[in-house]
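Read from first to last, the chains carry the letters A, B, C and D; within each, the first residue is number 1.
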Amino acid sequence: MQEYILKISTKDAKGLIYNISKVLFANNLNIEQNAEYVDPETKEFFMRTIISGKVMQTILLKELKEVLPLGSNITLNQNKRKDVVLLATKESHVLGDLLIRYSSNELNANIKAVIANHEDLRSLVEKFDIPFFCISATNLTKEEHEKLVSQKIDEFNPELIVLAKYMRILSSSFVEKYCGKVLNIHHSFLPAFIGANPYKQAFERGVKIIGATAHYVTNDLDEGPIIYQDVVRVDHSYSWEEMRNAGRNVEKVVLSNAFELLLNDKVFIHRNKTVIL
Amino acid sequence: MQEYILKISTKDAKGLIYNISKVLFANNLNIEQNAEYVDPETKEFFMRTIISGKVMQTILLKELKEVLPLGSNITLNQNKRKDVVLLATKESHVLGDLLIRYSSNELNANIKAVIANHEDLRSLVEKFDIPFFCISATNLTKEEHEKLVSQKIDEFNPELIVLAKYMRILSSSFVEKYCGKVLNIHHSFLPAFIGANPYKQAFERGVKIIGATAHYVTNDLDEGPIIYQDVVRVDHSYSWEEMRNAGRNVEKVVLSNAFELLLNDKVFIHRNKTVIL
Amino acid sequence: MQEYILKISTKDAKGLIYNISKVLFANNLNIEQNAEYVDPETKEFFMRTIISGKVMQTILLKELKEVLPLGSNITLNQNKRKDVVLLATKESHVLGDLLIRYSSNELNANIKAVIANHEDLRSLVEKFDIPFFCISATNLTKEEHEKLVSQKIDEFNPELIVLAKYMRILSSSFVEKYCGKVLNIHHSFLPAFIGANPYKQAFERGVKIIGATAHYVTNDLDEGPIIYQDVVRVDHSYSWEEMRNAGRNVEKVVLSNAFELLLNDKVFIHRNKTVIL
Amino acid sequence: MQEYILKISTKDAKGLIYNISKVLFANNLNIEQNAEYVDPETKEFFMRTIISGKVMQTILLKELKEVLPLGSNITLNQNKRKDVVLLATKESHVLGDLLIRYSSNELNANIKAVIANHEDLRSLVEKFDIPFFCISATNLTKEEHEKLVSQKIDEFNPELIVLAKYMRILSSSFVEKYCGKVLNIHHSFLPAFIGANPYKQAFERGVKIIGATAHYVTNDLDEGPIIYQDVVRVDHSYSWEEMRNAGRNVEKVVLSNAFELLLNDKVFIHRNKTVIL
């Protein structure tokens, strides 16, 4: 019997849980897991439910819509591996970590392809029998390059796009097209050290802890909704390169944790924040 | 309008959430917060709900009982400060931390009294205008001493008893009498270093991290359901006394976190574990 | 036999350790602990040594000067409690934590006085039999107020001044006068959320981790050399007040760790950073 | 110019640092980094120094021996990549993590070979062009099997052997032969959950934090000197398999941190503990 993940976000109202659970009960479905959250400030209601039983998607969605306020967001996904495309540039540590986890069957995903703007990572990716596409940006406008990248992505129709140290800034139109589907890892404990060379900035400031941040990509660079963060202690003896090396361990762990949350449909975007159920 | 915290634990069954939310809806109550959990192994269902509205306790409990399986545990507490009694011996760091938090209004509790088996902490406690009772164990059997302590506790009818480094082992009958109401802080990362002098044990073993554990007290010493744990890094340069000092910071933070969970009715005991919602 | 802590910072040169240890050896002193560090970028040498034996301060300092480069910084302090003055405003959590640690004998310090610009904390401080001085800033210029505060501080001739949530910005002249002696706790993980209301800023940004930073006070607000930092995990369910409460635990631990480092003469200021040996 | 790492451990004595630094100075060597530690209980002295200049090994070692107490341990290694052999069984996550770090040039090591007692990991290892040897234990006594493994190891003359989830218990004679050269990762926060299935044990006990421990292998299983530990928070919703998965991230980070310490000659074994300089 297949499991489904039901996600609902809507304006809070009296009787929401009652009405939703009535529909599930009437459809003879089991609730395997259930979590709700109401934002006390915005009065937005969030619910993530894992249901099992004989799910008839169209009927269920229709009946839920009838009991929910107009404009509610409802998604109903089968609880299964998601198709993913990775974007990278030259750095291998984050990409390599994802690939090795994938090969150890630690990721609930199908990695359909890796697209990079340089050739450097081809041999690494091909070790794992994953298609690698190099789309160089040389002699192309940003628009032209993104169009090619976007076409290649669309061939695989991924549910998620992971920027595994993809070092190019995405245009508004690209971000909008894949809105809510693009996960990035930023190599600092945001909002500290926005922009280039965060490890050098951290070194210059003499901080005692560095970190990494996984976030959705939005139009504002490094400003998207934060999904997961973690840190590691450093001290005066660290050069900025040693900070970067220490930070790389954190980047890997942070990205893989955030990725897992997305693969399990646990994340809601709420304004510029995330709700994780 | 008063808020109430409803806690339910029972055997899982189809339609539980539906039936419970139906009762709340019929009583015209708002669900301010709601969390559920089903243990996949034992099929036990847990629910913690903060409700607001005109709560008529007797009726609500009756109606909930009617829709829940026989033998369900249901509690309905007003969301307000709990009465607490602290037990201590001679060490001041944990007790002092609780008292200073209390005086800074950081605890959602009324500390009604401190009971100790030595006089050492009297002046500290009386600084904060809290009644201090010394019940010496000298020349008394364990049974006699516990009877006196128990009588004193009962004068204050506390909802919680916190062992703030109370260095006496409690008898079965004492533990049973206050079952589910006694919080202890153990100065190690349980189950490592059970028993006496855990910091010395940790020092001897050469561990690189030490910790503390807050748990419910049960008959098995240091074996009760764990509520909260935390750790701190140490290194070869720490003497065991320095480990103890580093550990004390952790003890304070762990106890105050666990205490807050209990004060907010967030903890369920499930066999020898806790479910925290 | 008294222990002394010798701290040296100077330009690195071949034979420094040899020359220093020769002097200590010739004076028949034991090296109880020793740590050195050379900044690979600035080539500055740092050394902290605990020595025991019959220390004749004037002679020892003279002989060390003779073997060290011109302009070396040498300090030689007896390893004993330092005199400290605390500055506060209205918030009790950090001050209370220091006082209760002090009363539990956890601090290697003599707290000579607490100076505040409001009366609110008087009863708390006087519980611990520590002199409390309220110097109101009302109707005074910043200059006039600081002059009074400074005079009061100087009566106690402290080796360290701890800002335990002192909510006034210090003038350049004040900072210069007590340069290298003033410890502050900032309620964010610097450099994130500089300025007012960091917990509100953190809440608005939707971060998943918050922190606190202890630093030396310099002219640039929140920009002084960082001594210690720590963090705690939060999630979407935290209001900004709950973030603040969670942060307060971190503030206390961070300040008390940094304070201990200073009380043990372990911190060197190097440009805008710290070296901790 | 080559750097060398000098490690000394010996009984503490007055003038040790002076005498050692005199020899280095007389040989016209630069001290690039230097750290010492004296165990206050055992009075053992430890020193790790990175020196540069024209190092004449034989002469330098001879002159150091002359100024050090009889029975001192002195090692002088060039600061360069160490040769390493990895042992594994069937689990890929730790081995894969090491291989991908190696391929990203994150390890200061030459991985000469992987030896396993099963064939499962061959394709993974061969992706990285590293020799893989399967030495099955089937139909062999422990002694016979270890002899074959040992012969294979010796072909590569490694400075370090890393047990990357090698699931066989080593005999005394094997351990003695490679004493101080064998690094193991244990999948629990030792000394909690010694023995088999630590994640299941942790699950049964209901702990709120799990961890991993990297240690030297000695005759007492899981009792060797601890090098590095780390932890991760879990809660009631984790099945034991989810605990294991969360723990695997920690295992990887812990092993790679401990490995790096060994590769940089930072670890001294002192009785059953480690001193890390």
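The rule is short, and it goes like this: a residue touches a chain if its C-beta (ideal position, glycine included) is under 8 Å from a C-beta of that chain, and two chains touch if they have at least 3 such contacts.
Not measured: the values here are computed from a predicted model.
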| item | value |
| --- | --- |
| Farthest-lying chain, centroid of Cα atoms versus that of chain D | B |
| Inter-chain centre distance, chain B versus chain D - centres from mean C-alpha coordinates, in Å | 41 |
| Inter-chain centre distance, chain C versus chain D - centres from mean C-alpha coordinates, in Å | 37 |
| Where chain A touches two or more other chains, by residue | 37, 40 |
| Graph class of chain-chain contacts, one of line, ring, star, complete, other | complete |
| Residues on chain B engaged by chain C in the complex (per definition of touch) | 92-93, 96-97, 99-101, 103-104, 106, 124, 127-128, 245, 248-249, 253, 256 |
| Touching residues on chain A, where the partner in the complex is chain C | 37, 39-41, 189-193, 205-209, 211, 225-231, 235-237, 239, 270, 272-276 |
| Chain C partner contacts - residues on chain D that touch it in the complex | 14-15, 17-18, 21-22, 24-25, 28, 30-36, 38, 40, 233 |
